[in-house]
Every structure is written in C-alpha cells, then in structure tokens.
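Both of the next two complexes hold subunit A, though its partner changes from subunit B to subunit C.
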Partner chain A sequence: MKQSHNAKNFGPRLWRSLRQPLIAVAFGLLVGALVILACGQNPIAVYIEMFNKSFFTPYYLFSTLTRATPIIICAMATGMAWRAGYINIGVEGQMVTGTFVATVCALFIPGPPILAGLLAWIAGMIAGALYALLPAVLTWKFQVSMVITSLMLNYVANYITSYFVTYPLKDTAGDGLALQTPEIHELMRLPRLSTTSTFNAGFLIAVAVMLFMVFITKRTVFGYESKMGGFNPSFARYGGTKQVKVMIITMALSGAIASIAGTAEVFGLKYRYADGMLSSTSYAWTGLMAALIADLNPVGMFFVSIFLSGLQIGGSAIQRSLGIPLEIATIIQCCITLFVSVKLIFKVRQKKPVREDVKEGGAQA
Partner chain B sequence: MKHITKVYGSLYANNDVHLTLDKGEILAVVGENGAGKSTLMKILYGLEQPTSGKIYLNGQLQHFRSPHDAINQKIGMVQQHFMLLNPCTVAENIVYGREPRKGLFFDREEAVRVTEALCEKYGLHIDPRRLVGDCPVGLQQRVEILKVLYQDADIIIFDEPSAVLTPQEVNELLRTMRKLAEMGKSIIIITHKLHEVMAVADRVMVMRLGRYIQEMAKTETSIEEMSYLMVGRRIVERQVPPRKPTGRVLEVQDLVLAGSEAKNILDHFSIHVDGGEIVGIAGVSGNGQSELIQCLTGLLQPTSGKVMLKGQDVAGKSVGDIRTAGCACIPEDRYLWGCAARASLTETAIMAHQRSSKISRNGLLNNKGARDFTQSLLDGYDVRNSGQTQKAGELSGGNIQKLIVAREIEQHSPLLIAAEPTRGVDIGAMEFIHNKLLEKREQGDAVLLISSELTEIMSLSDRIYVIYEGRAVGEFRKADATEEDLGILMMGGKLNEAVS
Partner chain C sequence: MSSAYIASIINSTLRSTTPILLAALGSAICSRVGVFNVALEAQMLIGCFFSIAVNYATGSLLLAVGAGILSGALVGLVVALLQVKYKAADMVIGTSLNLLVQGGTTFLLYLLFGLRGVLNDPKLVPLYKINLPVIRDIPFLGRVLENLTILDYICYIVAALLFVWLFKTVSGFHILSVGINKAAAESLGTKATRIQMQMVVLSGALCGLGGTALSMGQVTMFTENMTSGRGFIAMAAASLGMSHPLLTIFSSLFFGLCQGIGLALQNVIKSQLTMTLPYVATIVALVLFSRRSARRQA
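Entry: the complex of A and B
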C-alpha cells in the first residue's frame, strides 16, 4: 500500500509533465479554429499556411528564431525568480533599463569598439540587476508585495527611457522624427548567422542562457536552496538557508538575464534603442506566458518560447496572405496559457487527499 | 455497513469492510494509521463515497452524498481538528448552520438559551457567552460535542478524540462518552490508544491495511491481543539501559521571548541537557513549546537569555550557524517545516546536508553523492518509496517522518531536538523512531524530546521538565515521575512536595 502507482518509470512521468501543455495547445488551436471559421475561412488550410510560414520554410523559420531570442531570455529571467517563489513580473522594466544603459554605454564609452561593446553588455546586466533589486529590497525591508512593485516599476522604466530618447539622446541624423538613439558601432554588432535573413548570434546567446539556467537549477547548491525556498520557505529556513541572500542573488540574476534579452535585440537586430521597441512587442509577457506553460522548466521554456514566436510570425503571415487578422495568434496564445492554468485547479484537486493525510496523519499514498 | 470498499488509485483504503453498531453501544475502531479507519468513517459521514458496498441505517439502505445527508440521518462527527470559529461565542458556534431566527435576523438570546438547555440535558457545562478562542482545548472539544448533539445526532463518531488532551481531560471525555451511551446515543470512537479502548468501549473492531481483521467484546480481549492484531506481530517491551552522562551539551538560561501582549511567551525558561541522556519536555500544546523550539534552532530571536550549546552562546544566531554549532532538529510539524510536498525525496533528504562534502563542493552539487546519500537514508530507515523522484507529499505520514528523522540523526550532531517525533505515525514507525532516539542517546549525544504525548515522554526520558505558560514548572527524574503529578503541573496546578 505504500507503493505509489505512478512515478515508477520515466515514460509516464514524461507524459505527466507534457500532458497539460499538449492538451492546452490542442484546445488553444481549437478555439483559434472557431474564430477562423467565424471569419469564413477553412481552419485547416489556414493552420497549414500558418505553420508553413513559421516553421517549415527556412526563411520563416529564421524569422521565428530571431523573434524567439528575446522571448526565450525573458522566459529564463521570469523562471529564475519564480522558481524561487519571487513573483517578479517586472522583467520588462529590467530589460528596458538594462538595454538602455547598455546602448548608452555602447554609444559613449571611448576606446576600441569591441572592448567598449563588452563593457556595455556588462553595464547593462548590472543595471538590470540593480533595477530588479529595487522590488527585492522593498520586499525584504518593508514586506511590500513584489508583484505590485515589480509591475509598477515597468512603467517607471518605460517612461524614463522614453524621455531620454525623446530629448537628450535622440538621433538627429536623417529626418530626426523617430524617437531613437543613433546606431551603435559596426564592430559591436553581433554577427549574422544567415545571409538571407536577420537571424543572428543573439540566438546562440539565448541557448547559452538556457544552458546556464539548467546548470544553476541542476548543479548548484544555490539552485537547490532557491528551489526549496520556492516550494516551501519555512522548510528552506528550517534547513538553514540564508533566505535574504538567496532572494538578492535570485533577483539580481533575474534582472541581469532580462537585460541580456533586450541587449541582444539591440546588438543583434536593431543596432539602436528605439522608444517602445521592447514593450510594444510584448517580449517580456510572451516570455512570462512561456514560463507558465512550461512550468518553469528551462528546456521546456526554450521550446515553448519558440512555439509562441512561431505563432506570432505565422499569424502576421496569414494576415498578409489570407486577410485573417493577426490577433488570431494572440487569441491562440492566450487560450493556451489559459488552459495551462487549468493545471493549477488540477493541482489543487490532487492536493486535497494530501491535506486530509495531514489531518488524519494517515498513510494514503 | 456491508462490503465497503474504497479504492484510491491502486490503493485499497478499505477492502470489504463490515461494521455494525447497536443502539447505546460504544464501538472502538482501532488500527494503525493508514489502516483505513478514517476512510471508513468518512464514508459513513458522507465525506467520501465508497467504491462499492452499502450502508444500512435501521434496516434502510442509505446513500450519503455529503455530510449534510448524514447529519439529516442523525449521524454526527467530532473532528480531530476542531471546526470552530474562534472569534465567536460558544453558543454561536453550536447553533451555526441551524441558527434560531427572529424574522430575518439571528436570535442571539435564543441561541444562548438553547445552548444552556443542551448543556443541562447532557450535563456538559460551559458558558455559552464565552469566546471559543479563549477556551482551553478540552472545552473546545466539548463545544464540538455539543454542536453534534444540537444537530440531534444519534450516532456520534469521535475521530482520535484524545490526541490533543491532557490525562485529566481525557478522563473527563471518557466519562462524557459513557454518559452519552447511557442516554441511548451510539458512539464510534477511532483511536490507537488501547488503554482508552479498555476504559470505555463495549466492543472493539480491529482494522489493518484496509481490511477488517476481527471484532470482539472488550471483556474478552486484552491490550496485548489488540496490539498484536493491529500490527500483525508482537511488540516487545523496551529495555532501556541506564544513562551514562557525558557532560553538558545544552544549557538554556533565563530564556525570554516577549509576546505581543504583556505576557511573555517564554518566561525565564531554564533547562539543561547532558550528553547521553534524553530530556523530555511535557506540556499541553500551546504553552510555548513551538516558540521554544524556534528560539533554540534560530528560527526566532529570543528577547533575552542564553542558549549555551557546547559552551558557546548561540542565542539569536542564524539557523545555519546553530546547525553548524551542533544542533539538529526533528520539527514538530513535518509538512510545515520538515519538507516541501513538491520536492523529490532526494531534495528532501539533503536539506541541511547540502553543504557537506558528500553532497557538494564549492557550491556545486554532486548529484551522484546526493542520490547515494538519499538511498542510504531510505534503506537504513526503512522508508517505503517508489524511487527518489517520488514527491515528498506522496509519502505516507509515517514514511516521510522516518525520512526526516533519518536526515536529522545523520547530522551526527551533539544535540538533537526531537519535537513530536511520532505525531500521527503508526505503531511500527513509532517503535522504530523511538529506537533510533535511544541509539542516539547510547552514542553519548543529547536528545531534547518535546512531546504532548505523555506516554512517549515517560517511556523515553531520563529526566522530565514540565512547561506551563512558557515556564519550566517542574523537573523530575524518570523514577520519580508519575502521570498524575505531570498532569497536574501541565494544567498549571501545584504539587505539595517540592520535586526539583
């Protein structure tokens, strides 16, 4: 009676962890199909077109991966904090702050461009980390809700950078109408990985960030302690982990990773910081959705991010070719997230017997 | 109840169980934790639906879909964990769910009157206007009983009713049960305390591993026979060798923890523990034990006082520092402090070991070392599991407790604080954990045992302190301690002769 029937071997466990996202994707596509029907089109044809123009032709696949780059890194930044129990929803603000600082450093640090570029990346990460520490310190010192402070600080970051690109740092070359900084030096730019598209080395950075995340979670004492703190803070405290230290490191890492997301976008794709370039594209929020759908698993977040950006790329493709509104992609994306959240309800239901177990001190496995 | 079977997944919680109850009878259902007693009662009370089987009441077939159905058929249950509203008065709690009304409004005076009548009828006295939160545990239980009586129950189920009570309160409760039976109520009591069964029951039914084993009249059985039937083997009486003290390990001097109100939660609390001895702290829960443990382990900062651990004052230090100084702790609440339900067994087992050289080096985990270490704990402490990736929340109470005990004993620290080490675990696991504590003592280490289970304190401890309202109010040697004296001190009474 003590043997639990599940978790005996790998297959069922893999299925258990994949079941929820797969069902959610199926339901999401189903809801999308209904909307497409309502637009008077054949859903199957539209979906074939959509997936052809996101994953199954090289040019679109490269676009998908390019768009996925900041989303993957934002998902990792979100996951880093959330798995330790710190609900950081200020990844966007940290990304904006870090990226802006990195761009400014790249523009103004004198000396050899490669060295200055490197310094700019580091300065950006430090800025992102410090910006993430703001809500962390408020939580630590004043028990302020991190959800609220980190969310609000997004607006602060957006408006401050908006001011700088509107006035002091605005690029006056050309027509001088766009709210953006001048371009960074050519030698600082990340190399292109394809001759026909904008696919660039930023994607390799995203892969590296994922590997770093896997390393932290699987191989370090810090990863273990932060995970336990996320599961049950009392348990971690009782075991002697220094929780303030864990929180500070966690949030700093989260902010630093967030800054990499935007910096890779500037150094690999746009070569300048433009007003709203990171917020209007919803990178941070798509990354957050990916983190939720993948249940904070680093490899899972990587692939879900690519899938979601594929939906967005495919969505804009069908808008151009079939006249189906781009919002269809957003609908599917949100439905998937919604259906994945159903998992929370499943979990609550599964928890119930455990709770009763506590009550009775009983031995139902 | 006939042929009751309840299946959770692949686990038979109840397997073809029968139960009969006569009017005016007290039936004791005994068995280890996990034997299926609670499940059977939940089915009877409508909290769970049986997978198969039927329930007959006075010859009528019944289908209980919720406790509401059961209450309508005059079945009531006194829960182990009281379902009371602490900020409300006794009367309000009793009438809750079936309030007397005056037009649209709650009739408070009528509620008080009804309660008084109820108290009078059953001879259970309590002030209806008192706030439940102010009542001691024994009285809160009485409120629960009155609530069931107010619902006019003829069959009353008591789920582990004595778990939270002092010996005096238990005696009071047993008298109440007898009285109710004499008034024609039928009573089912679930318990694993066999002397209570002998004191109160008419008939005993034994369950083991979800199965009905046997039932007999109380007069035809003995504690030995029942425990044999419950466990399936004989429990050997424990022989404890005399202690060999090896010098002071822990000395707590004038420990004070100020509360939010004028009264101190811990009030100049002083004790000492030597190596090679088990020192018990007896007391009704809620008299400062939890705070004492948290002050000693660094989870709370004491207001003043000293905690000398191996000659070093660790009061107010961090949990990590105190653990390094030589203190391990089996926490009182295994689900709050002792584990995380979603953590794997490996993750559960290496907590507080994560910086030892076996598990990690320079902050990098040695995953193989962690798995080997975990496996040695699982095997050495007989933790039944389905692999290290199993979640801690999926283990039964006894098994997760064994894993926590293993983890803390394997710290090999000079001091082990064991708080409620066997709360809610079955007899087999309890015996095992007790043996491990005695082994620890044999090795010359100090064990501080904090338990609300008086029999546990009496059978293991070399010395016993009683804690009452945050003070150490008595010190006994094992030979001098009697259950009565301890009980009086636990309730805040005074002994005639000075003991310490």
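Entry: the complex of A and C
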C-alpha cells in the first residue's frame, strides 16, 4: 500500500505515479498546439506567452494561485466523494449553496463581526453538507442515480441563488445593473498576503484543506473504510463497515469542503456574493478535472489544480494579446483528462474488472 | 384557465419534448447494450452548434441537419472507442467530453464568427413550420399543433422504428442479447463489442439530431451551453422509460410538460424559480418511480 513510506524506493514510486499524468499533459499540450496552429499562430510562441503570464511573472503567479484556491478546494471535495465510490458531480451546487448561506449569514448575523464571520463559515459548511446529503439520502433510500440527482441540484442551486440576488437581497446602493449582495463587513475579510495583488489567506485555507485530506485518507479508520467502500463494496461490507454511515459522512464532508471553496472566494476576494460568480468560472468542473488527472491523490490534486489554474490565467492573457479564445485552456485540460483515462485502460485490464462492473451498475440503478 | 391557454401549454410541451426524446432514445439504446453513456450532453451540444454553423455557412437545411447528426455521431465514436473498446471509466470519459464540447463550441463560436455567447443572425434559415391546412382551422387541435417543425413529428417515428427494430427483428434481438449477457452473446458468435460501439455511435447521431431540434426548433440560434443539463434529463427519461422506446416517449413527454409549464408560469412567478422546475421534477420523478425500476433489476 501507499502508506508505508520508506525512503529507498520513494524515487521510483514517485516517478511511477507521475509518469502517466506527465505523458497526458504532454499530449494535451500537443493537441492544444495543433488547435493553436489551426488558428494560424505559432504554438511555441503562444505557449511561452501563456506560461510567462501564468507562472513566471510574480504578478501573474499570484493571480494563478488566487484562482487556484477554489479549484484546489473543489478538487478535494470531489476527491473525498469519488474515492469512496460516490460519483458526486454536484460540487458546484454544494459550493453555491454553502457560499450563499455563508454570505447571507455574514450580512445579517448581529454582534461582533469576527464572531459573526466565524458563524457564517460554519453555517455555510452545514448548508453545503446538507445539500450534498440530499442526493446521498435519495441514493440510499430510493436507489436513484447520484450522477443525475447531484447534477440536477447544481441547476436548482444556481437558479435559486440567482433569484435571491436579483430580487430580495440585491445591493441597491451601488451599480444598479449588477446582480450582487452588499459587501460583507471589513473585519470579516481574509487578509491579503501580497500588497500588489489580490492574493489572500484563502490560499492558506486551501493548503489546510489539502493537509486535512491527506490526514483523513492516510491516517484515519474512516479514510480506510471509505476507500474500501469505493474499491470493493462487498469486501467492505464483509469487513464490517457500516456503508450508510460511511456514505453520509463522506458526502457531508464533500459538501462542507465544497462550501469552503466558494466562501473563501467571497471572504478573501470578492467580499460579496454575485450572481454566477462561482458557476461561470467553472471552478467546480476544473476541480473535478484536477481530481481525475491526479487520480484522486490529495497532493497531486493540489498541484494539478494550480497547473490548470495557470492554464486558465495564461488563456485569458493570450485572448487579450493574441485573440485566441481563452477556452483553449478548457480544451487542453479536457484532453489531458482524456489522455489520463487511457492510463486507466491498463489498470482496468490488469486488476480492476470487478470495480468497474460495480460502478456501472451502481450508476445505472 | 381557458382552453387556448391549455392548448398553448401542450404546444410548448410538444416542442420541448423533441430534443429530450431524441436524446433519451440515444440513452436507452446505450443502456440496452450495457453501456453507461454520460456524454449525451456533449453529443447534443455539438449537434446544436454544427447544425447552426452549417446553416449559417450554406443556408441549406438538409446540410445543417446532417451536420448536427454527424457531429453528434463523431462524439459518439470517441465514446465508443475510449469507453467500449479501451474500457476507460465511463464517468471520466463522459464528464471530460461534456466539458470539452462546452469549451470547444465556445472556442469555435469565437474563432469562426468572432462572437461570444450567442449566434443569432437573420441569415439563419429556420426549419419549415408545419401548419396543415385542415387541422389549422380546428379550434383546439389547430393551436396545439401550431408551428411545429418536421422534427417534432419525426422523433415519434424514430421511437416507433427503434421499437420495431429492437423488439421485432432478429438483429434487434442480437442487440438486446448483448445487454442481457455479453459473454453469452459472444459465445453464440455475436460481435458484442462491435454492436456496443455501433449503438453508442447511433446514440450520438440521435443526440445530435436532438441538439439540432433544440437549436433549430422553437428558435433558430446557438447559445453557449444551450443544452443546460438536457442530456442528463434525457438519461433520467430513458431510465424512467425502462430503456423501452415507447415508454420513453411518455417519460420524455413528462419532462417536456415540466418545461412547458415552467415557460407558462414565467408570467406569474419569477423566471429564476420556474427554471428550476424541470430539474426538480427530474429528481422527484426518479424518486417516485424508483421502486418499480429497483424491482425490475432485482
């Protein structure tokens, strides 16, 4: 198992786990290069520009890390559920609900701002967890497909929050056209970590969430049980795991983590909830891609999220300067995921036919 | 509630049903051969885009519909290759293709037309609206069938044809046998993997046609991510219809009705709230009918 780290074969093992994602990244960038070529531009020059304006200039590096914050946390939320075999594609809805509730609490809870802010975070996490429990309970009680229900709930969350910021909670003081809530109190805001950019303490929260994930997955009985449930449900049941309990805790944690992603964005960057701020940026889906590319490994997800965030920051830079649509970043990252899935082919053929059958059956039920 | 109002709701139900039904049929044939195809959304959205793009470029309706079908089938082919032939994980392929097509169509919209978000041009040729001479004058029915396109009729014919093919012909039985027991079907000489791949490509073509019905039906335009979850609603419709082509018609009509009612209620309730109706209805319907489908599978 991966747990037993001895320094002797750490290097080869690291290479073995990095090899496939790196090859996939190379192929993804190759497809991107072909697309850029089709746009009539020089791929090498475009890539140099892209990476200069995402990783190799301090200002842009800070933008990349700022954008990576919600992506990292969404990746962790996705990884939490997927590694236990629960295909939660509703991270976006859980993030939107949790963040919206946190923002509303921050705006309306009376008392000292710091205390109210803390309560707002907790309320948001509870809301996100409850929203994630909805598909979990429906799957448990009625055997409906979690794929469909969790995705449907994304749209429900987006439309309902959109209603609230368009009508009852709209900020009437400022720009009349902007669909957003008023700003939260200054004392609640997360401190900036850089004087020249918007890089803020939200990133430290993302690091903390990653460490929490590493701890849960490597060092707790729950982490082992949930992984076994995903790996081989009948074995887990044989071993005495209470699957319903594991599912409830897993999904609640996933939803709570998802809510942290958006709340960190509001408290650290935007200071208010604006309509579509979390969905149009597709943080949750980028996080999902990161989780898939990193094969649900927390440390891997952390770095892949930063890489994908850099692609997007670089993508918007080349859209401004070279006129190549920023969706080039989406194309590259989806191709990377597709190429990573080619890796799964070899794995599936060797040792995992049982798991695949179970997964397909579960998703169809 | 006046009869004209009811007729207009039925009319918009029929129009909203078409894309869902076509995609649901695609989903149904995939699950009939034991493939869990999550890329329906991608197959539909690419059909929306290419039908409108070819419509804009050539002005030919036939080419536009053909492009919609073909592009959907191409995405289906990718699914067939990666998921069926190389046995990659269904959710990974499905979600990444859904996102790839979402990003790719937005990319192409900007690259080819220099547009962001919407392609809506007077140059686009709409599908013929069918207003039959006699029926048009019948009070209630005339309003119900007003301005439907040919695709709104074709989708039911497709469902009927699929039913006959799957349940009344020998090749249909071969297809069904693959889904029931792949190993047994193979042992009798059925090329099971090949049939699975063909069915996934066919599902792509059906979803592509569904996407065409969406972008060239009630309106003639392309909007970024205009399928907005319809692929997954279609998946739910197929599952409620127990992957049976004729039952799927009724489940699709139910989801079409939800969209029709949602549209009709927009005058009374704020649109953000009525927009949630199809999604909530999907979950409720899945829960209500779950017992039955569970018993069938057990």
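Everything that follows uses one rule, which is that the second predicted complex is superposed on the first by the 337 of 365 C-alpha atoms of A that agree within 3 Å, B and C clash if a C-alpha of one lies under 4 Å from a C-alpha of the other, contacts with A are read in each partner's own complex, and residues count from 1 in each chain.
Just so we're on the same page, a contact is a pair of C-beta atoms (placed from the backbone, for glycine too) under 8 Å apart; a residue touches a chain by one contact, two chains touch by 3 or more.
Since we're looking at a predicted model, the values are computed, not measured.
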Touching partner for A:T263 - first (subunit B), second (subunit C), both, neither: neither
Touching partner for A:F222 - first (subunit B), second (subunit C), both, neither: first
Contacts of A:T66 with subunit B and subunit C, given as first, second, both or neither: neither
First (subunit B), second (subunit C), both or neither touched by A:G240: first
Which superposed partner A:N232 touches (first subunit B, second subunit C, both, neither): first
First, second, both or neither for A:I328, with subunit B first and subunit C second: second
Doubly contacted subunit A residues - partners subunit C and subunit B: 359-360, 363-365
Residue ranges of subunit A touching subunit B (in the complex, touch as defined): 1-8, 13, 218-225, 227-228, 231-232, 234-242, 351, 353-354, 357-365
Contact set on subunit A toward subunit C in their complex: 35, 39, 87, 89, 138, 142-145, 147-149, 151-156, 159-160, 162-163, 166-167, 282, 285, 288-289, 292, 325, 327-331, 334-335, 337-338, 340-342, 344-345, 348-349, 356, 359-360, 363-365
Partner subunit A, residues of subunit C touching it in the complex: 31, 34, 36, 38, 82, 86-93, 95-97, 99-100, 102-104, 106-107, 110-111, 228-229, 232-233, 235-236, 239, 270, 272-273, 275-276, 279-280, 282-283, 286-287, 290-291, 293-294, 297
Subunit B to subunit A touching residues, read off their complex: 8-13, 33-34, 38-39, 80-81, 159-160, 209-210, 297-299, 318-320, 322-323, 329, 331, 335-343, 347, 350-352, 354-355, 360, 363-365, 367, 384-387, 389-391, 393-399, 423-426
